[in-house]
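The two complexes that follow have chain A in common; it is paired with chain B in the first and with chain C in the second.
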Partner chain A sequence: MTNLLLIDAGTIEWSRAQFALTAIYHWLFVPLTLGLAVIMGIMETCYYRTKNNFWKDTAKFWQKLFGINFAMGIATGIILEFEFGTNWSNYSWFVGDIFGAPLAVEGIVAFFMESTFVAVMFFGWNKVSRGFHLASTWLTGLGATISAWWILVANAWMQHPVGCEFNPDTMRHEMVSFADVALSPFAVSKFCHTVTSAWIIGAVFCVGVCCWYLMKKRETKMALESLKIGAIVGLVATLLAAATGHKAGQDVAQVQPMKLAAMEALYNGGTDVGLTAIAWVNPFSQPDYENEESAPLRIDMPYALSFMATNDFHGYVPGINDLLNGYTKPDGTREPSVDEKIERGKKAIAALADYRKARQEGLPVDSLRAELATINENMKYFGYGYIKDKAQVVPYIPINFWAFRIMVGVGCLLILFFAIVLAGVYKWPAKLWQKNDISALPNWHYWIAIALIPLAYIASESGWLVAEFGRQPWTIQDMLPTWVAVSDLHSSSVIITFFLFLILFTTMLAVEISILLKQIKKGPDYSS
Partner chain B sequence: MRKDSFIYRFFNLYYEGFKNMTLGRTLWAIIIIKLFVIFVILKVFFFPNFLKEHAKGNESAYVAGEFIERAEQ
Partner chain C sequence: MTYEFLQQYWWFIVSLLGALLVFLLFVQGANSLARSLGNTEEGRRLVFNSTGRKWEFTFTTLVTFGGAFFASFPLFYSTSFGGAYWLWMIILFTFVLQAVSYEFQNKIGNVLGPRTFQFFLFLNGIVGPLLLGGAVSTFFEGSNFVVEKSNLVNAGALTPVISHWGNASHGLDALLNPWILVFGFAVVFLARTLGILYIINNVADEDIRRRGVVGLKVNAAAFVVLFVVYLIHLLLKDGFAYNEAGIISVEVEVSQQLPPDVVSPRPVVDRCRARSLRHR
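Showing the complex of A and B:
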């Protein structure tokens, strides 16, 4: 991103890289926690219903793997909050209560739910009733899911700020409606997509581990029964992720059309727009969207993007150039051009400067109604006041384009994969599986399942790349670009912590993987 | 205290649980080292509260100054 300001460009880029590294690392643990929570909950439910110790041992085995991942993931998210306070202090101040409230609720709920129910889940076998233990296992998962909810509410607010008002005296956003913030439709669909995608990770992990046992011809009964549960959860979760992803796409079309245009490499919009199946977008450079009609070698699914974005096959979808130059919406209203938004942003900043100066000179608020009105009217485009060149508001298209295709492509592959695994375990159609027993296939079949574990993680992280790169340059959509949000730090200090994290995170990840592998190699402890 | 009282059973769950941990010991050791690194080393030495250090108690004025100045640059 070109930066025309005096603030050290390295500080912005390294702070972004550091935040991305921490978030990507944190996101390695979260989806497995949410996903395995469902898998182990179902297994323990089988134990509760059958009273068969086989299910108890199976549930305990998956709980052990859940526990390792949970322990390794604890507190990795806290580092993001430190980074807010150090690297993104202007942003942290500006968001005010909006972040404070959901994150505080998250902290309290997570602490109480997790410290009680996780303890009962691990320490309570044979000490509490089976019903209470089962409830604790599900509540552990529910607690983690509720935590995710609050974090996603905070993230959704940055992407689509609602339920708040800017106070020029405190320089903070103040919450006017907690319900609007906590139940923002954008947050709801983000939550649904994120959580269902996390279940996929748990399912792929479960199926991959089971396939390893089948390949080694060990723990066959446990592997086959777990495989069934993993594949059912996986198939349901991928179908749900596709449906919720579709909804997430519609929301993006409404509130972040530039993100959608970048995801689709849609340079010029229109009606009856197709969804790009594939096109050549150079992964290493920003395309010449101003002069190219569309990305080269583009093959699309006719009308699909119009339908996805507007629920109408002939609906209008703006492209990057339309968004830069302004356009008339189907309802007749006009979306201002970036130049017009820049003017409005500048007005808001100038009014803020006048207001603050007047207040310092002791003038009462009542005499500053005009300044306040200008701020409120133009706050929506406040961040555009810092834009010097239209190109700054176009996100890096290659990352958005390819990350979106990796996520959706892997999603489609996983639907097929889970369906085949289910067909295998239930031997349907019987004729096909007569000679092929799923527990005695050539090894390469199992290797595919194991290889899908990292692939599913890549898809999941790609989802975040789309969500976060797609809203660049905004830390708060249309209100605060990265170069205003960042603290005036020396880039060298950020570089040091970046590499410190890289070493720390890599070590911890290696430790986690080695403990996990050791426990998988050891296998379940059977009670009899 | 009666052994069937709720409080006894509640504390006993944690006491016995911690006492009989096997893999849990390693995990707790990792958690404690990690928390130490995060809260004592990283927070104290690498992640100071920027505004506390620079705004000297007047955060809103400092942030306003930054916002207005950066628009002029």
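Showing the complex of A and C:
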């Protein structure tokens, strides 16, 4: 077995921390870009149709806020791309043939499109026709969305590798079907859920800023009109995010059952499983899933998890212990235990070592059919060959459990919030809003809207925590654990860059927030 | 289309992107000269605002260059980026500073003050081209690394990582090689030459143009000298060769041949070892 001792354990942990840091910061800026793109696109469409300068000023104001945020998204994004090479060099080699492709397409197609039209959007007012400018604004958003598409294709592939084949001669996975990778159903639902959740961030931000103006009794017309658009986008996006989230959850149940079990703190599975509404899972320690029947103080919605995972109220959902010890699926096939998978992974690795040795000694492929057969037969569990103890394949349950609940909880709260805001804007039901005007409510109403901005961000980041912590220890599901994906670096180098990035990103975030606040305080520039 | 053809084809694409990137480094070149071109605050702002409309293209090309390398030459990507860690990290760092500086420099409430952001742009203007040039120059000068794909499965391997950098400085060693610096500075002066040409054509300010014309001669001359010197060095230096076992070594004349045990090929197909001249 490969000796792992000479890889500094710190290198793995700090590399993970650095990637997580960059990704978390990246996701502070990107959803606002995607969300505001839709909102300002709608506003500029209003300008195009009405030719009313009010809409032009409104669109320009939101575009200014968009611009302040845009650069940071790009800056953190480039680091993510290069960190695959700098910190995960083995990974980059092992699957670069597949994983590199969507990244390259993203750069060549989407990113260029976005950068070109964003320049027209900022500098093109009064220089290009109104129609062309409107198209540029929408194309900027479309470019950002296509960009997100390719990145999410890449991410989805790591969660559920498809369309590839292992080549024992080149020692890497090679793409056999680009269409399978690019149109993987897992990627499609991931994309839909992520992008609609990004629209929510844009909408919450828009509504929050408008509420601040209403509270200050400034820019009332712009605030009210923007509030309308923000709330409509928000309500549509939250409902879509809920629907796409359901689909994404089903996908996880299919291809990453361990992630689902960790999200639900489901230690022992079965049929007719309820969805945990709340339970006590200590946030700071991994629960004793082997000996506890279920998490304490658990209140669940009967049958809901079975239904969510299998579309059948009586469907079978495996728990953590079932996945560790093996279980029989409803169709009668047996899912091997993790120990069996480890054995088979080791077989694949040993056969591959033999094969390579024989090839280097000049033996022809024909004489190595037995080794090739062993490799192919066990390749599915290749990554398990690097697992030493079955407990390593259980992700950290508390983060998954709580992050999932924060995401869903805040999501539900936001559906309610946007519905109320819309009801207020359109004064429905009329009786209730007779005495109350949404532009003249007591201040605490507006504060709630403003407080929801950071809360929505927390929910959005929580979604990524579930997606990424839930697949630990895998860099690529069942194929490559993090400790085999890493670069050959000393932890000190990674620690230094981690803190350099931490200081850089935090400073720049502080600067961005400060500029955004000043810009909001200043308000829109009116053309006449 | 054979694998060989695709490799050549991709190499052409990556080279084209690299060439475009160098051309677009005029943004960095002009930023590094903003102080001398515009000696007033307004002059400097003219320069920065002028490059501020083009920086996305340089940046996007850099991203695409990285993505194309990842997709087409993953072994290079993983070995160079994971190995020459610090070299690439510093490049990235200065480009991140640059990306935010344009947007933030003149905004109210930018906390650090416009001067700080202008300094970031200047820093990227020098360090970006220098290190990118240095990184490209390692193609010619060689680097110290070992690739052993069997590490992934060999019981006796020290680690499962296939690419190892030969020293602990992780890429900074490249900057100790004077020839790499020569090429790096050639790129810096090329970027500055392009930057001045761009500014002369893009900024309607007589003062800036006059100073640009003066600076143009100095920077263009520096570029030509450094580039020609490097070119001569490249034509005269010993080349690299690889044998059937995949071992890369410096090709030396017969009279200078190293003792056989030093270059004895090991029966390992995917093993390659590149040595820079310093290690002869």
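Keep this in mind: the second predicted complex is superposed on the first by the 521 of 528 C-alpha atoms of A that agree within 3 Å, B and C clash if a C-alpha of one lies under 4 Å from a C-alpha of the other, contacts with A are read in each partner's own complex, and residues count from 1 in each chain.
We take it that a residue touches a chain if its C-beta (ideal position, glycine included) is under 8 Å from a C-beta of that chain, and two chains touch if they have at least 3 such contacts.
This one's a predicted model, so the numbers in the text were calculated from it and none came from an experiment.
In this superposed model built on chain A, chain B and chain C take up the same space, so to speak, and clash.
Once chain A of one complex is fitted onto chain A of the other, the partner contacts of A:T271 are absent, as it touches neither chain B nor chain C.
Once the two complexes are laid over each other on the shared chain, residue contacts for A:K127 go to chain B alone; chain C is not touched. In the superposition on chain A, A:T220 contacts neither chain B nor chain C. Once the two complexes are laid over each other on the shared chain, residue contacts for A:F112 go to chain C alone; chain B is not touched. By the document's definition of touching, both partners, chain B and chain C, reach A:I349. In the superposed pair of complexes, A:A104 makes contact with chain C only, with no contact to chain B.
Contact comparison for chain A: of chain B and chain C, C touches the greater number of residues. In the superposition on chain A, contact of A:S337 is made with neither chain B nor chain C. After overlaying the two complexes on the shared chain, residue contacts for A:E361 are found with chain C alone; chain B is out of touch.
Judged by the touch definition given at the top, the superposed model places A:T145 against neither chain B nor chain C.
The residues of chain A shared by its contacts with chain B and with chain C are 4, 6-7, 67-68, 71-72, 74-75, 78-79, 82, 85-87, 89-90, 92-94, 119, 123, 170-172, 349, 352-353, 356, 386, 483-484, 487-489, 493, 497, 500, 504, 508, 511, 515, 519. Across the complex, chain A meets chain C through its residues 1-4, 6-7, 67-68, 70-72, 74-79, 81-82, 84-94, 96-97, 99-101, 103-108, 111-112, 115, 118-119, 123, 170-172, 349-350, 352-353, 356-357, 359-361, 386, 483-484, 486-490, 493, 497, 500, 504, 507-508, 510-512, 514-515, 517-519, 522.
The residues of chain C lying in touch with chain A in their complex are 53, 56-57, 59-60, 62-64, 66-72, 74-75, 77-83, 85-86, 88-89, 92-93, 95-97, 99-100, 102-104, 107-112, 149-165, 168, 170, 267-270. Against chain B, the residues of chain A that register as touching in their complex are 4-7, 64, 67-68, 71-72, 74-75, 78-79, 82-83, 85-87, 89-90, 92-94, 119-120, 122-124, 127-128, 168-172, 346, 349, 352-353, 356, 385-386, 483-484, 487-489, 493, 496-497, 500, 504, 508, 511, 515, 519.
On the chain B side of its complex with chain A, the touching residues are 9, 12-14, 16-18, 23-24, 26-28, 30-31, 34-35, 37-38, 42-43, 46-51, 54, 59-61, 63-64, 66-68, 70-71, 73.
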